[in-house]
Each structure stands twice: as C-alpha cells, then as structure tokens.
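Pasting the structures in now, so scroll down.
Both complexes below contain chain A, partnered by chain B and then by chain C.
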Partner chain A sequence: MSSQNVISIESAVKRFGDVIALDRVSIEIRENEFFALLGPSGCGKTTLLRAIAGFGVLDSGRILLDGKDLGHSKPYDRPVNMMFQSYALFPHMRVRDNIAYGLKADHLPKNEIEARVDEVLGIADMHALADRRPHELSGGQRQRVALARAIIKRPRVLLLDEPLAALDRKLRQEMQIELKRMQHEIGLTFVVVTHDQEEAMTMADRIAVMRNGRVLQIAPPQELYRRPADRFVASFIGTMNLLEGTTVAGGVTIPGHETVPIDTGGAGLGSPLALGIRPGDVRLLTEGEEIDEASIVLAGIVETTAFIGSQSHTLVRVHETAVAITVTASASTVLVEDGSPCRVALPYTALLALPDPPE
Partner chain B sequence: MTASKTPTSGAGQPAPEVGFTQRARARLGLLTVVPTLTWWVIFLVLPIGLVLVTAFFKGAPYGEIIYEPGFGNLVRATDPLYLGVLWHSVVIATITTAICLVLGYPAAYFIATRPQARTRTVLLMLVILPFWTNFLIRTYAWIILLNREGVVNGILKRIGLIDEPLSLLYNDAAVVLGLVYGYLPLMILPLYAAIERINPQVLEAAADLGARPLRVLRTVVLPLIIPGVVAGVVFVFVPSLGNIPVPELLGGGRSEMIGNLINRQFLTTRDWPFGSMLVLLLLLILMGLLVLQSLVLRRNRKVRIDD
Partner chain C sequence: MTNRGRNPLLVVYMGALLAFLYLPIAILIVLSFNDSKLAMVWRGFSLRWYEELMHDGDMLTSIRNTLVIALIATLISVVFGTLLAFGLERHTRSAALENGVYLPLMIPDVVTGIGLLSFFTAITFPLGTGSVIIAHSVWGIAFAAAIVRTRLRGFDRAVEEASLDLGMREVPTFLRITLPIIWPGIVAAALVVFTLSIDEFIIAYFTAGQTVTFPIQVYSMIRFGVTPEINAVATIMLLFSMVLILTAYLFARPRPGRRSADAEEPTT
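Here is the complex of A and B:
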C-alpha cells in the first residue's frame, strides 16, 4: 500500500435488503486529491461516502484511513468531516456558532475557537453575516456556511455529498471553480459525490464512475473521456456515437462493412462489442469527397443541425441501421440542409472498443 | 370589488349592486363567528364571571350565598391548611410532569426515528389507544392492580418477594402513578411532533463534527424541541394540578389535592363562595403558567425547525 493514500477502500460490500448498494468496491484516494464519485442515483456513491464518515456499517470489506482500519468507529471519532446535501445547518444557531460547533465539541480553548472561526469566516467570505441564523441566508450563503463548518476542524478528508445540487445553474458553475480554488488554498483531500458529469469533470483530479454498486472505472477526466472502459462510461461522460458490432479474429465487424482492426481487450470471439466514436471525430463528407484515412463510411440523411456558438451539431440518420450519428464541427465548415443525403466517415484510429458494463 | 366601485358610478342614480356591499360582507362575516362566540360566552365567560363574582360573597351554613362583598374568602384561603393543599397539588403535578417528560422523551424519540412511516403510525396508535377508554374506568383499573389483594401483591407474594401484602394504594406515589399513566400520551404526542420535524441530517452533522450522543441531545435536539417540551409540560401539568378522580380513587382522601378540595366545597360543604375563591386561585396559577409558556415560545420564535 502506498503511503500517500489517505483513504483505502478495500472490497467494500453493503446490502440494503435485496439491493446491493456497494458491490466489492475498491478505491484508493490520495493526499490532497480532489476525488469525485460519479454515477446515476442509486449507484451507491452516497452509501460509500456515508460509510467513510461512519454512517452505516459495511457488511464486509474495510476502509483504511492513513493505513489504519476505521472498523466500527463512530462518526464522532473519525477525523473526517462531511458537508451534507441538505447542508444540515443547526437552525437555532447563528452562523458563527454553526461554524464553531466542531471545535466546541473538541473542548478547544475559547480564544483558539474564536481565532479559527474568524479565519474560516474569512475563507468563506461570511464575516458580514456571522450573526445571522440559517433561515436568514440565501442558498449560496448556506452552502458556504456548511462548507466552513466542515473544514474548520481541518479533517484528513472532506466529504461532500452533492455540494452544489441545491444551487441554481449560474451559481453552481461559479461554485465549481470556487470549490476547486478553496481545495488548493487549504490543501485538503476532497471526496465529492455527484451525479453531474460536467461538475465532476470540471472539479475532480480523478473520478470513479459507479453504477449498480460497482466501480466501472477510476481515471482522470481526460482519460475517462478519451478511453472509457465500457459503453456505460462512454455514454455517461459526454456524448458518444455507438455502433453495434461483433468481435472476430483481429477486430470487430459491423454489418455490411469490412472488419475493423481494433484491440478488443480480451473479449471472447463472437461476443457483442460496441464501437464508439466522439462526435468531434466524425467527418461529414461533401458529395464525391473521398477520405484518405481508413474509415467506416456510412450513408444517411441529415436530420437536423443545431448551431451552438462556434460549433454545429449535425444529426445524421444512417440508412442501414437507423442509428443516429452526431457530428460536431466548427460551424463555418459544414453547411448541409435538413433532409439531404450525406455520408459520414468514422476513422478507425478514432474508434473505441466498448464492451458492456458488468451487470 | 364591486362594493368599492359603487359610490363613483353615479351620485343620484345608484348603480345596481351585483355583490355584497362592504358593510354587508362584514355583517355576514360576523354571522359566521356567532356560534363560536355564543358557545364561548355561555360556557366560558359566564361561568368564570359567576365564579369571579361569587368568590367575593359570603357563604352561609346551609349553602345560601350572602350577597355582601368582601375579602373574607381570600383571607380564609391563605390559611396554612388550604395553602398546604394547594402546595401539595403543585408538588404532585410537578413530579408527575417531570416523570412524564423523562419517560415521554425516549418514547417520542424512538417513535419519531423509526424509518418506516407505517411503524410510526402503529406506535402512535398504541400511544393514543388508552384514550378510547373512559378515564375513570382506567383509574379504577389501578385499584384492581394495586389493592392489598390485587394483582401486583398477588404476583409479588407468589414469587416470594413479600410475605405480607404491601400498601400500594392510598398514598402520594399511587396518585402520581395514576396521573403519569393518564397523561403520559399528552407528553409523548407534542414531543413526537417536535422531534419528527428535525432534519435527521442535522443530527448526523452534529455527530460528524465530533459531538457524542449526549452532547447532540443537549446542544441540538433539546433546543429544537423546546416548543414541544413546553406544550407537553402544559398539557400534563394543567390537568394534573386540578385533577379530581385520581387523588379521590388512588389517594383515598389521604393525598388530597386542590381539585378535591374545590369539589367538596361545591358538593359537600356547599360553600360556593369559598369554592369559587379556590377556583380563582387555581386559575391564577394556570394563567401564570400560560404566560410563562408564551414567554418561552416568544424567545424561541426566531428558530425555525424547517431550516
């Protein structure tokens, strides 16, 4: 075990009745890392976060903090703090007392508590509102108080459960940057739970994609986008065009085309395997245009084109399989009318072999 | 509304009115409170007014009232004998309320924290169930349980813990027991309502920040359920203080409370003026309690449970 891992989760299993919330989950989280647990609701990400905090005992497996098994230790004995999704501020306490709560529970001397509360009020930019009560604050202000309260004890790991879900879109984008900045500034290890892939991609150093209680892939954002482990990850992170194929010796076939030479990653011969390609890698061919690269060329009809700023997204309905292919290009280069016949080229080098995720 | 437009629509020629005029609407509004008001006057204002007036007249040996105003009853009520009964009642009611609070809080907490809504409903039903039986009958039941040949003594004898039956009835403990039994649900229900409104994540946050269970109770739970505690205390203290059947049946005259004393003034001694004065004193104590309640709640008003 590497010594720089703050948290090591080893084969964690948790059941709720018949539902498996965590299915042999193993994750290592490094010092000062911004780590995201990403997945759709019900994938087990919050269960895992709560297990780290000490809420809910694992059925089997271990969680190590700095190499020591946390075992059945209680939440109040763990040097980790959590920011709850509902913020869970103490409604009867002023902002100042909310923030000081963790230090008072540790019986620190009064002047130290005051100094540290002042310091954290500064970080959260809440000095002016220190004597308000939670119901007198806006959503964004409450979020900052919740964060301040959670970091004041300088926990080994800060756990954040959907920290931005309750904010409106604009504030959310601001806070993504803000959280990232704060994490650098105070030098803490952050573990954030989110269902929003954009949020995870923006903030996290590494992301664990979860589904049905399993971890499908752990990787930095770019790698997750460039080399998704399976078709679920591929579709969950950004947009991915998928073609259904079958593995054969030396590659993958899709109906009506020659074998695409691609590494199938040990998938058995004859098993279904999808070929994926990002919209930006697809080329829309003008009439009579040929492509030099080895590519799958498909004929279809332009369904719609949407212009989004400098880019255009064109949806092409492929004749044979009725699959819709999204093509992204800079807006100036492609001008095709809806309903007109066209061809798209999918270069072999940009294709990804995507197996089904484990059930 | 139509009413406000009417005056401008023509000085000499009144416009046809479609809705009610404002005055008519006000009259109609008044009409709707008439039943409540009547009830209130007949069953609250008049009796209390009568008591208030009667308290300052004089009683005569055969139940007549001598209509000479004076403070004789007030002076008589301050006799140590009567003050003692009043004090005794306050002590019994206070002990009862305290025991209800101590027993009621864990029960309410347990019910409020059951994850299944159905479990909570069933448990609440069990709390309310005794109310379906008459209070008097339930109090009599304790006599059957506690008398010298009763169920409890029988069991204790059979398992050999005692040779002679214990005197479980006709003392202060039996009265407190009966009152606690009778009014415990009135403590549990408001406590339950207050605890149930607390966001469970708030309690988890306290634990997460390093607070052990007792500290969470003291610094988070209790401040948030003060309104429920105050309501429960009033609900239990008020009927306990003026209680008649429980000290009558389980106290057996040896543990007399103010309610019995008043009862006797009206029905046995037939000294209505003195009885009225005692009622007045009891009312004053209870009103003082209500003022105290509203003061506590006002101080606490800024706290909203639903953060």
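Here is the complex of A and C:
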C-alpha cells in the first residue's frame, strides 16, 4: 500500500437483494487526484461513492483512508465530505449558515467559523448572496453553495455525485473548467461520479469505467480513448467503429479478408473478438485511389454526411458486413454525395482488438 | 368585468345563499350583545351576558375540562401521529396499513363513541377526563399522521444525509434539520386536532362519565331553552376557532417562492 494513496478500495462487494451493485471492486485513488467514476446508470458508481462517505455498509471488502480501514464508521466520523446530486441544501438556512454547518457540528470557535466561511464564500464567489435562502438562488448558484459547504471542512477527499447533472448545457461546460480550477486552487482529492463521458474526459486525471458493478478499466482519459480494454469501454468513450472477427494464430480474421496481425491479448483461438477503429482513423478513398499502408479496404455506399464546423462525419454502409462505419475528416477534403459508392480503408496500425467485457 | 352579463337573478340567488350560510351566525353574534332575556326583543347593546358567563362556575369548569382534554390529546396526537407519519412514509409500502391508520377518520363518531364506551367498560377503565383524552387521541393521531405525512412526502432525505456527512450525529440532525423542515406540518396538525377536540360532542358524551366538557355543558343548558349566555359563549368559541384555523392555514400552505426558484436561470 503506497503512502500516496488516499483511498484504497479492496475487493468491495455490495448486493441489493439479487442485484450485485458492486462486484469485487478495487480502486486506488491518489493524493490531489481528480478521479472520476464513469458508467451508465445502475453500474454501481453511486453505490461506491456512498460507501466511501459511509452510507451503506459493504457486504465484503474494505475501504481504506490513508491506510486505515474505515470499517463501519458513521458518515460523521469520516474525514470525507460529499456534494449531493440534489445539492441537499438546508432550505431553512441562509447560504452563510448552510456553509458554516459542518464547522458548527465540530463546535469550532465562532470567530474561526466566521473567518473560514468568509474565505469559502470568496472561493465560491458567493459573498453578495450570503444572506439569501436556497430557494432564492439559481441552479448554478445553488451548486456553488453545495460545493462551498462540502469543502469548508477541508476533507481528505471530496465526493461529488453527478455535480453538474442539474445544470443546463452551457453552464455545465463552464462549471467543468471551474471545478477543475477550484480543485487545483484548494488542493483536494476529488472523486466525482458521472454518467457523462465528455464530462469525465474533460475534468478527470484518471477515470474508472464501471458496468454492472464491475470496474472495466482504470486509466487516464487519453489512454481510455486510445487503448480501451474492451468493446464496452471503446463504445462508451467516444465513437468506435466495430467489425466482428475471430481470433486465429497470429491475429484476427474478419470474413472475406486476410488475417490482420494484431495482439489479441491472450484471447483463446477461435473466440470472437471485435476489431475497433476510431472515426478519425478511417480513410475515405476516392475512386481509383490506392493506399500504401496495410489496411482493410471495404466497399460501401455513402449514407449521409454531416458537417460539424471544420469536420465532417460521413456514415458509410458497408456491403458485406452490413455495418455502418463513421468517418471523420476535415470538411474540406472529400465531398461525396449521398448514395454514391465508395471505399473506406482501415489501416492495421489504427485497429484495436476489443474483447467482450466481463459479464 | 364590471357589468358584463350580470344577471340580477343570480345576484339575488347569491345573496340568499350567503344569507343562508351566515345569517344564523350573524344573528347569534348580535344577540350575544342584546340587553334582553328574550331573543326577539332588542333592548340595546350590553356585555352583561359575557359578564354572567365569567361568573358561571359550571361553565368555567367545563371550559377548563375541555381545554385540559384538548391540550393533552393534542400533545399525544402530535407526538404519536408524527412518529406514525415517519413510519408510513419511510418504513412501509403496505396499503392495508396505511388505510388502517386513517380509518378512524372515516368511522362515524357515534360508532367510535359506542365502541370506546364498551371498551372502557370492558377493561373497567374509569370514565372521566382521562377516557375523553384517550378517545380524542384516537382520531387525533390519525389526523396528525395525515397532515404531517403531506409535509414528509416532499422531503429530500439527502438533506439529512448531508447533515450526517458534515459531522452532525443522528439526534442533532433530527433537531436541526428534520424537525425545522416538517415543523409547519406539526404546528398545523396540532392546531387542527386542538380545534376539533374543543368542540367535539358525540364521542365525549359517550366517554366522559361524570365529567362535563364544554360542548356537553352547552348541550345541557339549551335543554332549558337558549339563554343569551349561550350566544356569548358561542361567539367567543367562534372567534377562538377562527383564529386557530387561520393560523393552521398559514402554517400549512406551501411557501411562496419555493416553486419559482426551481426554474433554471443563468448565474451572474
């Protein structure tokens, strides 16, 4: 156990009746890290966050904070604080009293409470609204109060449950950057739960992708994107084109093509394995154009092309596999009309071997 | 909107309806200030019936009995009704249990009265103030549970968790967070139960034994004809009830502003 791990989750298991919410989850979270738990709803990410906070006892496994087993200790005995998805502001208290609440619970002297509330009001830029009640605030303001209230005790770890889900799109993007900046400024370890991969990719230093109570992969955003562990992670993080294949000696075959030499990561011979490629790595070939690189070349028909700013997304319906391939290219390059025949090239070097995720 | 299609017949009808509803009460109030023993003769303004009331020992005893009963029954009802509301809201999904709890509100008072009388007799419980307190608590608890329940329904339990998370233990969390948030519901429940208890006649009549409550006293007085003193009592009662009901209403209604604040607005 390395000393720089603030949180160590060791083989955590939690069941709700027949449903396994956490299935032998092990995660290490480092000091001052911005860590994201990412997955679709019901994947167990919120259960895990709540278990760290002390809500809901694990059926087995341990959660260690600074090397000490948190065991069955109560939420009020843990030096972690949580920002709730609904914000859970106390409706009968002013902003100032909401923020001071955690310090009052610790019976700190009055002048110290006032000084620290002032400081945090400054960080959250809420001085002008300190005497308002929660129902007199906008969504974004409430979010800032909830954050201020959760950081004032300087917790070892700040837990954030879908912190931006209640905000509208534009504000959400602003707050992603704002949260990141604040984390740097106050130097805290953040653990954030989100179902939004873009949000996780923007903010987090490392991400744990979860599904059906299991952790599929823990990696920094770039690595998750470039080397996803399986086809679920690959499709969840950004767009991924998938071709169904089979492992053979020395690589993977897809019907009608030569064996693609690729590391199959220990998958047994003859087992199904998908080949994945990001839309930006696919080349759309003009008529008669040849490609130097070793590639899988597929013939198909252009279905639609969408222009998004400087880029274009072209959807190609491939004849033989009946799959759609998305091609992203700079908008100025190839212009193909809908319905026209075309070919796409999938360079071997850009292909990823993607097994099925564990069930 | 002033004279658009205002039918004079409708105006007359409306006036008649209002008169039907409120004239008896208006007459009662006027007569309570009448300086005459006879209801039909106006002999001028006077407070003599109010004064007489103040010196009527039986009446004062009955009022005291009623207030004691109402206060204790309200206390019992609010404490147990609130606990019941928590239990129903948070610890069961049983529809049978839920309906079972509210049933006392639907049972006719006569039936409740007879039932309680038989019950008290069967267990040889002495009839008196104590038995009326228990009897009133029967529906008082149901009422209080129903009213507090409405307050609990919109309760975001995350606020309790936030309090625990911020370092407050369970009991202080209940006192500082849960109770203040549901407090308006509890106050409203107390006022409603209190108001219902002070003028409850039927159940009290069955279960009071030798104890005379205020409604029983009034009932026994009118058997010898309506005296203006009763008008004075009724007027005071009316005023008292209206103040209580109005207070309960002010506490129970949803706070203005809560709703509009849910709308998303840009931050500045």
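Keep this in mind: the second predicted complex is superposed on the first by the 359 of 359 C-alpha atoms of A that agree within 3 Å, B and C clash if a C-alpha of one lies under 4 Å from a C-alpha of the other, contacts with A are read in each partner's own complex, and residues count from 1 in each chain.
Going forward, a residue touches a chain if its C-beta (ideal position, glycine included) is under 8 Å from a C-beta of that chain, and two chains touch if they have at least 3 such contacts.
Please read these numbers as outputs of a predicted model, since none were measured by experiment.
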item	value
When chain B and chain C are modelled together on chain A, clash or fit	clash
First, second, both or neither for A:Leu89, with chain B first and chain C second	both
First (chain B), second (chain C), both or neither touched by A:Ile325	neither
Residues of chain A touched, compared between chain B and chain C (which is higher)	C
First, second, both or neither for A:Met126, with chain B first and chain C second	neither
Partner chain(s) touched by A:Asp168 [first = chain B, second = chain C, both, neither]	second
First, second, both or neither for A:Gln141, with chain B first and chain C second	second
Chain B and chain C contact sites that coincide on chain A, given as residue numbers	53-55, 74-76, 81-82, 84-86, 88-92, 101-102, 105-106, 134-135, 149-150, 153
Sites on chain A touched by chain B in the complex	53-55, 74-76, 81-82, 84-92, 101-102, 105-106, 133-135, 149-150, 153
Touch list for chain B against partner chain A, complex	199, 201-202, 204-212, 215, 219-220, 223-224, 302-307
Complex interface listing, chain C residues touching chain A	156, 158-159, 161-169, 172, 177, 180-181, 255, 257-258, 261, 264-267
Of chain A, residues touching chain C in the complex	53-55, 74-76, 80-82, 84-86, 88-92, 101-102, 105-106, 134-141, 144, 149-150, 153, 167-168, 171
